[in-house]
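What follows is one structure encoded as structure tokens, with my remarks underneath.
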Amino acid sequence: MEDRSALSHYRDDGSAHMVDVSAKESTTRTAVAEGRFVTRPDVVDQITDGRLPKGEALATARIAGVLAAKQTPTLIPLCHPLPLSKIEIDLLPETDTVVIRATVRTTAPTGVEMEAMTAVSVAGLTLYDMVKAVDRAASIEGIRVISKQGGTHDWEAGDA
Amino acid sequence: MEDRSALSHYRDDGSAHMVDVSAKESTTRTAVAEGRFVTRPDVVDQITDGRLPKGEALATARIAGVLAAKQTPTLIPLCHPLPLSKIEIDLLPETDTVVIRATVRTTAPTGVEMEAMTAVSVAGLTLYDMVKAVDRAASIEGIRVISKQGGTHDWEAGDA
Amino acid sequence: MEDRSALSHYRDDGSAHMVDVSAKESTTRTAVAEGRFVTRPDVVDQITDGRLPKGEALATARIAGVLAAKQTPTLIPLCHPLPLSKIEIDLLPETDTVVIRATVRTTAPTGVEMEAMTAVSVAGLTLYDMVKAVDRAASIEGIRVISKQGGTHDWEAGDA
Amino acid sequence: MEDRSALSHYRDDGSAHMVDVSAKESTTRTAVAEGRFVTRPDVVDQITDGRLPKGEALATARIAGVLAAKQTPTLIPLCHPLPLSKIEIDLLPETDTVVIRATVRTTAPTGVEMEAMTAVSVAGLTLYDMVKAVDRAASIEGIRVISKQGGTHDWEAGDA
Amino acid sequence: MEDRSALSHYRDDGSAHMVDVSAKESTTRTAVAEGRFVTRPDVVDQITDGRLPKGEALATARIAGVLAAKQTPTLIPLCHPLPLSKIEIDLLPETDTVVIRATVRTTAPTGVEMEAMTAVSVAGLTLYDMVKAVDRAASIEGIRVISKQGGTHDWEAGDA
Amino acid sequence: MEDRSALSHYRDDGSAHMVDVSAKESTTRTAVAEGRFVTRPDVVDQITDGRLPKGEALATARIAGVLAAKQTPTLIPLCHPLPLSKIEIDLLPETDTVVIRATVRTTAPTGVEMEAMTAVSVAGLTLYDMVKAVDRAASIEGIRVISKQGGTHDWEAGDA
């Protein structure tokens, strides 16, 4: 854990800034984030391939997630703008749920957890946009980082 | 429920489009969405006011949410660009949680559920960005619409 | 023809500005634009459905076109920002060509030809991005307005 | 030709992703793209310098093209965000045509063909926006890559 | 003066929000803002037309200002997104100064002072970008609103 | 002074381009810019902490400035897109003024003066947006570069 004693992004007086990473080494870093889009089983069926010959529903969510990963530094105020070398969005249908998983990679002095989290969120929002006329009560659950590799140490969900 | 038989945004052949709302009446519409940022109690304490004299952590999340609401149509592919007349983000700290609530209003031919959902998501992502160095396992839960008013009918979470 | 004697967008001294449309009536206006993505027959086959079970190639181009239509006023300097009520992108595969057609509608004091042209262009660029590893010599041809309806008069390609 | 057997950007199951370039070497890469804006001779005369003392018509198109090159990764879904070290737009008037040529350079693990193509397209769209009141039938033709240098091999239009 | 007792945009508890304008009437509103770019006389000469046959320096600043006006709601957190019906940037060279004036118009429930101020600022920043290699000490002075018309009352600089 | 004889960004024929920096060395570079938001003493009191328990007024301006620094290459047409490693905005209240200072750092082949200037400008515009209902005559003064470090030489305001 880099620092348990204080929030990053804030100076001693509590004011927000984008922290200096110029002294950190540029290395290859990967982050995986996940979330769940929860709706009704019949809606999952429609999203996936039941009634849609071209299957563009999942594609739309995937493309939205990829584009959002690239917009992370303009959405999340204190995030560093980074070159991204890979973005992959997996959409895994289950009974009443679509699991959304994003994998993002960079070669940079800081990690890409926020890019992966943002991709998951926007893919989930796009699924909601699609189904809101048939299931307004659908929700997005459990958006979180699953693992990160590279940088000072690796980390996986479940680690202390 | 406007249409339970098919996803909106998709034509008969399954291809995605931004649906025609030109024949719908322009009326005042309000949507409220909610989500929960879940972390440890000591982190909630740091976010709110425990150690940060200027309290900019919550402000940063709030501003990010307001800005994101306005970027909804460039993030969510099939959303209509709308003039927004009000955006309000409430951040309500509880023991190990910050409840995030967004209220968005427009006068337009279609509603602003997606704007409210997007504001909640990005406010939550911004909170994660702040605390990730001290609680990498934090998550965002339960992003959903709470109520909508205006348009063909009103709706509240819990309604069929 | 609104004005054949001079370019719009330029004042008498030749300087660029976004022309005043505040006195024009807000009416429903539709524009259709078209272009052709020209490649090899085997590449059209790959783009459409030959080898791609999920068919996301066309979906990716379609979504890119829809999003680009909404970004027109930040891309084309002298374009007015407008609320858009409909965006539809048709991708019609032919032997060595994918015909790209965009239909855009607004209720506003000025038309949406530029939105339709921008949607076609970016859908075409996205197709190029997809195939450039297999056909670097592919090109985008004939981006033009096919018809416009609403405003002072209607117009169709072929009219004087 | 790097790979004739399959579209890049798509995994075996046909789903779209932004391909991993983290193992590729960062080198200086240049791409040149070209297109033609086709209108009437009297309109070319007006665009260039006939009646416009400050000549801002070509400048407007050029600036739009430069800015668009920088927005390529937010427009073209599967493009990598790259640092750009040079963007140059040449606008060459001929009888009834303005030839648009964009030269873009980066030092990065992947090339900038899409940035050059996007710059040409948006410069062409901006020219159309300018002349649409006097020549609604104008079109943009032949948007394509002319040459690329750097990376695994060089390429020029006309090569197999 | 609408309210002298408290800052707008802040609720009683001091938290920021985008104020509700849904009850305000949509009327035609115009704002004019001004600023001065101050450099050396020889630099003004270069910017204007001394050594630059195509005069693109002023055009570049003008186009940047027009585009920035349209991006105001994504730059200024609590600004309402509005349809803009006119944007005009005047650049008036004086001895060691370029006066920058922006006129913006909308038909909307709130005014466009921020759009005019943003256009002036970004036009000035663009001029600085151009001259910084020859006059790093140049500055932007006096960015302010000159007049506003429409809405509850008109106002001009110099009024109480 | 790198070049006193001509504006950068313009070729011999006066046309604008984004200059080639591919041959320049990537080094750590820092720029500091400053400006002053000038209003009435009672307004400074309200902005800072007089009546606003959460103090979000300064936070809003700070966040807007940080985000704007990251949007510099899409706002200032001929600016290079760069990875930014640090952004810090100081807001220093004085009697009738808030001094705005931005510090930006990169490791890149060109400097970040424009990012620092843009951050100052947008923070100032955001302060204006906040106080315009109580002091429409407020202004932004003296936006300029204070110092730059890194690159071919260092520079400070006051140097020839």
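Should a chain be cited, it is by its letter among A, B, C, D, E and F, assigned in written order, with residues numbered from 1 in that chain.
Keep this in mind: a residue touches a chain if its C-beta (ideal position, glycine included) is under 8 Å from a C-beta of that chain, and two chains touch if they have at least 3 such contacts.
Small disclaimer: the values here were computed from a predicted structure and weren't measured.
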item	value
Shared chain contacts [subunit B and subunit E, defined touch]	C, F
Chain pair among B-C, D-E or C-D whose interface repeats that of B-E, sharing over half of the contact pairs by residue number	B-C
Chain whose Cα centroid lies at the greatest distance from that of subunit B	D
Size of the rotation, in steps of 5 degrees, that lays the CA trace of subunit B over subunit C	120
Chain at maximum distance from subunit F, centres defined as averaged CA atoms	C
Comparison of D-E and D-F (more C-beta pairs in contact)	D-F
Averaged-CA centre spacing for the pair subunit E and subunit A, given as whole angstrom	36
Subunit A-subunit D separation of Cα centroids, rounded to whole Å	31
Centre-of-Cα separation between subunit B and subunit A, whole angstrom	16
Multi-chain contact sites of subunit B, meaning residues that touch two or more partners	15-16, 54-56, 58-60, 62-64, 67, 71, 77-78, 83
Topology of the chain contact graph, where touching chains are joined (line, ring, star, complete, other)	other
Pairs of chains, among all present, that meet the touch criterion	A-B, A-C, A-D, A-F, B-C, B-E, B-F, C-D, C-E, D-E, D-F, E-F
Complex interface listing, subunit E residues touching subunit D	54-56, 58-60, 62-64, 67
Subunit C to subunit E touching residues, read off their complex	11, 15-22, 73-74, 77-78, 80-83, 108-109
Complex interface listing, subunit E residues touching subunit F	1-10, 13-16, 35, 46-47, 51-57, 59-60, 63-64, 67-68, 71, 75-79, 113-114, 117-118, 121-122, 124-126, 128-134, 136-145, 148, 155, 157
For the subunit B and subunit E complex, residues of the former touching the latter	28, 58-59, 62-63, 66-67, 70-71, 83-90, 105-107
